[in-house]
Amino acid sequence: MNLPLSAQLINLMAALLLLIAFAMLSQRRILSLIYLFAWQGAVLSANTLIVAWSTGQPHLYYSALITLALKVIVLPWLLHRLIVRLDIERDVETMINIPITMLIGIALVIFAFNLALPIAQWAQTITRSTLGIAIASVLLSFLMMITRRKAVPQVIGFLAMENGLFFAATSTTYGMPMVVELGIALDVLVGTFIFGIFFFQIRETFDSLDISNLEKLKED
Amino acid sequence: MIEAVLSQLFQTLLAVLLAPLMLGWINNCRAWLQNKSAPGLMQPYRTLRKLFHKDAVLAHNASSLFRVAPYLIFGCMVLAASIVPAIETNLPFAYAADAIALVGVFALARVFMALAAMDIGTAFGSLGARREMLVAFLAEPALLMVLFTPALISQSTSLNTMVATLGQREFALYPSLAYAAVAFVMVLLAENARIPIDNPATHLELTMIHEAMILEYSARHLALMEWAAAMKLMIYCTVGIALFAPWGIAAAGDWQLLPAATIALVAKLLLAGGGLAVLETVSAKMRIFRAPEFLGMAFLLGVLGMLTHFLLER
Amino acid sequence: MEILLVLAFPLAGGIGLALFGHRRYAAELNSLFSFLTLAAAARLAVQVVDRGSFVAWDELFFVDPFNVFLVALTAFVSFTTTLFSRPYMRNEQAKGKLSPNMMRLYHSMYQVFCFTMLLALLTNNIGILWVAMEAATLATVLLVSLYRTPASLEAAWKYFILCGVGIAQALFGTILVYFAAERVLGSGGTALLWTHLYGVKDQLEPTVLGLAFVFLLVGYGTKVGLAPLHNWLPDAHAEGPTPISAVLSGLLLNVALYAVVRSKALVDGALGTPLAGNLMMGFGLLSVVVAAFFLSRQKDVKRLFAYSSIEHMGLTTFAFGMGGPVATFAAMLHMTVHSLTKSAIFFVVGHAVQKTGTQQIDEIRGLNITNPTIGWGLMLGTIAILGMPPFGVFASEFMILTTAMRDHPWATPFLLVALGVAFAAVFSKTQGMVFGDTTAQRLPHSPALVPVFVHLALVLMLGLYIPPYLAAWYRQATQLFG
Amino acid sequence: MPWFDFIPLNIVIGIILLWIALGVAGLIAPSNLQYVTRALLPLGAAAGVALAATAFAAMTQDAAVCVLPLGLPDLPFHLRIDALSAFFLALLGLASAGVSLFYAGYLRAGEDNSPGLTCLQYHLFLASMAAIFVADDGYLFMVAWESMALSSYFLVTSNHRDATTRSAGFLYLLIAHVGAIGILLCFGVLQAGSGDYTFATMRAVEPASAGWMTVAYLLALFGFGAKAGLLPLHAWLPEAHPAAPSPVSALMSGVMLKTAIYGLLRVTFDLLNTQIWWWGVLTLALGLVTALFGVLFAAVQTDMKRLLAYSSIENIGIVLIGIGLAITFRAFDMHALAALALVAALYHCLNHAFFKCLLFLVTGSVLHATNERSLGRLGGLIHSMPVVAWLALIGTLAIAGLPPLNGFVSEWLLLQAFLLTPGLPNSYLNMLVPVAAAALALTFALSGYVMVKFYGVIFLGQPREEKLKAAHDAGGFERLGLLWLAVGCVLLGVLPVPIILQLGTVTSQLLGASIGDSVVASGWLFITPIAPERASYSPLIFLVVIAAVVLLVFLLVRAVYHGRVRRGAAWDCGFPLQTSRMQDTAEGFGQPIKRIFEMFFRIERHEPTPFDSAPYYKSRTEDRLWYWLYLPVARLAERLSGWVGVLQRGRIHIYLIYSFATLILLLAFAR
């Protein structure tokens, strides 16, 4: 395979992203989840940087910067403070057994790749093969949200999904227009704040962040 | 035209006046058959006269309907009598009401009788009314079926045409009419409060139907009721004769045959009365809830008659 | 220019009320801003119907009959809702359910919510559309949990998570569209603009758009409340304050559906196959049937009407899926009458709930003895929403059903069974609430029922007589999806 | 304005608008009784008379159409008046006039809703029925149809504090709605893919095949049958009629049921161009079953309004029998006979409108006078309310089908139609139809039984309760309304020929044939459907003879003997301790029927044994169909909704899985 270096780098990043996604899927401890999330952000911004450099699109630098600021620093910091304030750093949660989750994850990855295949053949970007990975990571974080019992990990899963989307945006198309990027970034930020508010409200109402408290509204 | 009206009047009066006699005749026959001593042919007339002379006694809560009813019922019977071609087939009134209407007239009279019976609000009155209506709603359809068979044969419901077709055209045997005739006799027994459905001679509370209805009547009202009943029986007999033994009934127009026709009619009526008496003597009164079976049988025979008509006669 | 006003007023309102929202006159202020928005929207509508569609602000916004009719509707209903919420929220405050700060949050967020919906409708940029939709979720989620009760928290949480996840899928769809359009329109802004996308829709790569539509449908469909993605909807409607329930089911669902329909138009052009239409019909039918059977087991009055919203959204989606002039016309009419009727119903229900102090259907009795206007309002509203003539809902359902009978006979039995079941379910419950003897007491602030009867009168008129002006308007909109 | 050139149609539209206006006017002073009862309702009655006159005139003119700029943009309101619709409009006008007059006297303040509201609902009810008869496109028809259902529903539930009333109203509206769905589908089939829902188009185009035509017919039979109370969709009728205020029950039973007949005729003979013979047989059979069922259940009722409701079911059955015959004859191209059968059916519609309205109104007067609906607590009212009693007698005799009143005329015509069936080319039918005739005869006879029970128990005998002695007779307006209808019954009974001639226009419109010429053959005095020598009937002569004889006999008896009368205690076989409790009750009258036709009923009986210390008798008679059809359907719906409940168990993970699965499925499906 004789791809340009940039493309190889991007593919590497993609692989890393997928790896982290799997790691998150299997991670029990909240604190390490947050770290993993930060790492994912880092990979993302690096990836953006590479794309920007290789295609020479100025606005991608900004978006790389935003990503760095938001997803590597601000959000993890916020989450960290949150769980410290709620002192649940040590929280370990029980999930349905990991091997099965893993297997499902792998199945998803295969599915995603097959899904992306025709498109990848049609596309001409140097980074076409990453679409599959993007889809895969989105689906994986979806799976993660499904498997989590506690509020914070679910939110992290949500943000991870956002990362996957962002990755798709940057690597398959060289980034969305600036307005949209900013809008999305803003939404994510506000969203996280609101999540924060919720954590406290839920906490003070149910004195735990276990979502199994939130199963009262139903058809009986 | 004028003779038509005359013959109409003649026949109507004949029916009205002969009715009690017919009743007397039947009673006599029964008496002979049950070897009792007979009251005499004219007894019904005497009874009527006696009743007309008496003062009417009404219950305190008798309503106007109660007083009107006897006249209405009598009127219905007179009308019925003038519809049925008993001695000749050129009756103006026959066009005013056909076989179905005839059934209607009887129904009208019956309903008034039942209502009058309920009016005083005695136990027996309403009991009689209920039983009468019970018998009626079983007998009426049977009667209609009986009438339908000749109606289908003659392609008409007008009694005139029926008699003309059956009696005055070339002679033909209709097996369907046999069924109809049997059914008719059963209906006749039921409708005229004869044994086995009812017993005109009894006042035994639990069995009576017709008598229970007129318990509260007295004097002229009772007289009219009884007379109407007698006419009803007579009319039924004439209907039977007209449908199943129409020979000798004068055709439209030739009214010089009237005397002969009249004699024929009287002869047939005597026979019919005798037969009736025999039937009543040999059979026993049945429980009220056997009546549905009895009349159901009549109904069935009526329908069978029609079916055989379709099967054999077309 | 009007476009700016339409967006500026609610935005200003949002900021202004963030400062004064707790004051005594806040409610009036709220109504005032909404009224200004309505006025601007009206002018905009007139312009469009006269001049036809146009774009503004280097193609950032565009208006065509389709979205302008929704803009007008949104502005109108949000205005009448403020009229209703004035006494309603005051009663809540009087009952001590709400603190001044909550009132401030409520008023400001209400305006922001209107702003986001109008933005979503008016923008030309599918990216901005997505941003606006997400923002709408964010604006309402805190309102749903306004009462801070466990139930309301739970509802808000589910609302947030499910809609967040859904909307994320929509973003992926958007990216895919961009990804496909970029090839044709080149990178940069234009590849996200409806106007340009429609221009080149037949050159876009089918496979990509197929995938994109799936993501968009799942994404925005979650917000429309299509089964089986609907689970957030009844909770959010039942637990939030009633004005919010009214605008949620009266307006937000419409806006989300608007996004779906726009994408359908795009994808149809690219695919040339009825894929998009079939998917929408399938979802619509499923939602109608499922909702109908849910209806018959509801005990909470607001949940009941939330499910009825799902049913009607399903019907509308089905109609849009069928396509064709009549069906599309009917679908738009149905959007209109549904949001009018449903918001009216929620107004009445709100007052009824305040009177009786419960949302349990079995405990609300004999409304039209204590307060005939509320009772008859609820009764008439229910009859209207159940699609009984002479109300407008019947007009649209008549067109939808008859079209379905002609083009998709297989679907009609499902629809009819569902409609029958829904009728039995909803009507029996409403009858119980309106008739019979009662336990209701008076309220400190007299209810504002003018909006209710204005809405119902409009719906009644639409059932008997659709003004040619409006008809022409709908027809122009129908042209866009020819 | 283009629709102002043809008079009758405009007048009809005007009257419809007038009715609506009167209703709205009621809301101006909702609680002012005088205003409503002395001004609005009489005006409504006058409008009814005007409508009847207009329609009667319009029957002989040819059809006129107009289009109102209302309704859907591509389907404005089409209106059309032809012989068929004119006939039913006349029926509506005549009946409603009497009912409105009665209502003016019947309406009380403080009862149920406010007078103004009642006035609004009542007049909307009238207007929507009129609109049904002139509607000429699917949309307007449905709008009018459902408006009728709604307005009548509100009238039925006007006493909504009573739980049974509420459930009755709900059942009524539900079945009405289901039926409406059937009708809508029927139109959907009739427009045969043309996408145009005007009746004109439906006349022009034909459904693709005989199969589709049958589907259309069956849907119509279902939809309209649900409104008419055709078995097994009758369940609402005996519930709703008693629940409603009497004038409303009168209108529902007398006129509203006829809208269903109208619809069926419209679809069968007008919108569908060809008929298939077995449709007729099916309708005939259903009609017979319905009629028998109705009369049997009427016979065992103990609530006077329920009794009348069941008798309505019976009468609708009879009408359907006529229609069934007409379809069969028509399918075999025996047009004259088809016309005869149809005339019988239509005439019976008219009769039923009169005597059923009359009787329901009578129950209204009785209800107001005694506050009793149960036959077990009435009796002897002929003494305290003689006027009502005598007018009621006319209705009773008429509905019992006794000559010379109107009920008998239609029965007579129907039986004639039956007797003339032997012409049918199908031997099976030849055999079966007479049996049907037999069943019909049984029905007629039974209705006599029922009516004797009805009248005798209410008006005759001794009062079963003390308070009944204090009952007051009906007021002026009530009497006027009753009188109007009673006179109608007599006139329709005595002078049928002109009506039948007028009906000829309807039959010639629908069947292209009429029995008019053979009727006029022997003058206005005699009905002769085919030929004088085959069958003839002259109610007038009938009446005159009876009257003459009665008079004559009366005078003779007076002249020859005397007219003396003494009053005394009732004789009763000399039993002195006679009380009112010893008369037959309604229960007692029902008993023989229950006994003979046991298999039709679902009876729960408790009979005392000779050894009971506290003996009591209790018997509940119910409708088997309720247990065989309605409850199972309800249970099925419940079970289904139970199943869907599983979808929403409150766990957010499950919800996420739904979204996830949907996404995956669609992705797999889309590529």
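Which chain is which? They are A, B, C and D, in the order written, and residues in each are numbered from 1.
What we mean here is this: contacts are C-beta pairs under 8 Å (C-beta built on N, C-alpha and C of every residue); 3 or more make two chains touch, one makes a residue touch a chain.
From a predicted model like this one, the values you see are computed outputs, not experimental measurements.
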Taking each chain's C-alpha mean as its centre, the one farthest from subunit C: B
Interface ranked first by C-beta contact pairs: B-D
Inter-centroid spacing, subunit C versus subunit B (mean Cα positions, whole Å): 79
For subunit C paired with subunit D, centre-to-centre distance based on mean C-alpha positions, whole Å: 44
Distance between chain centroids, defined by C-alpha means - subunit A, subunit C (Å): 31
Distance between the centres, which are taken as Cα means, of subunit D and subunit A, whole angstrom: 71
Junction residues of subunit D, two or more chains touched: 645, 647-648, 652, 656, 663, 667, 671
Residue list for subunit A, restricted to those that touch at least two other chains: 115, 118, 142, 145, 211, 214-217, 219
Interchain pairs in contact, sorted by label: A-C, A-D, B-D, C-D
Subunit D to subunit A touching residues, read off their complex: 645-653, 656-657, 660, 663-664, 667-668, 671
Of subunit D, residues touching subunit B in the complex: 379-380, 382-383, 386, 393, 397, 400-403, 408, 412, 415-416, 419, 422, 427, 430-431, 434-435, 437-438, 441-442, 444-446, 448-449, 451-453, 455-457, 460-462, 522, 526, 532-538, 541-542, 545-547, 549-550, 553-554, 557, 560-562, 564-573, 575, 578, 580, 582-584, 588-589, 592, 595-596
Touching residues (chain side subunit D, partner subunit C) in the complex: 69-74, 138-139, 142-147, 149-150, 157, 160-161, 163, 166, 169-170, 173-174, 177-178, 181, 184-185, 187-189, 191, 193, 195, 197, 637-638, 640-645, 647-648, 652, 655-656, 658-659, 662-663, 666-667, 670-671
Touch list for subunit B against partner subunit D, complex: 52-53, 55-65, 71-72, 74-76, 78-79, 82, 93, 95-98, 100-101, 104-105, 107-108, 110-111, 114-115, 118-127, 129-130, 133-134, 136-138, 140-141, 144-145, 148, 151-152, 155-158, 160-161, 203, 205, 215-216, 218, 220, 224, 289, 292, 299, 302-303, 306-307, 310, 314
Sites on subunit A touched by subunit D in the complex: 111, 115, 118, 139, 142-143, 145-147, 149, 211, 214-220
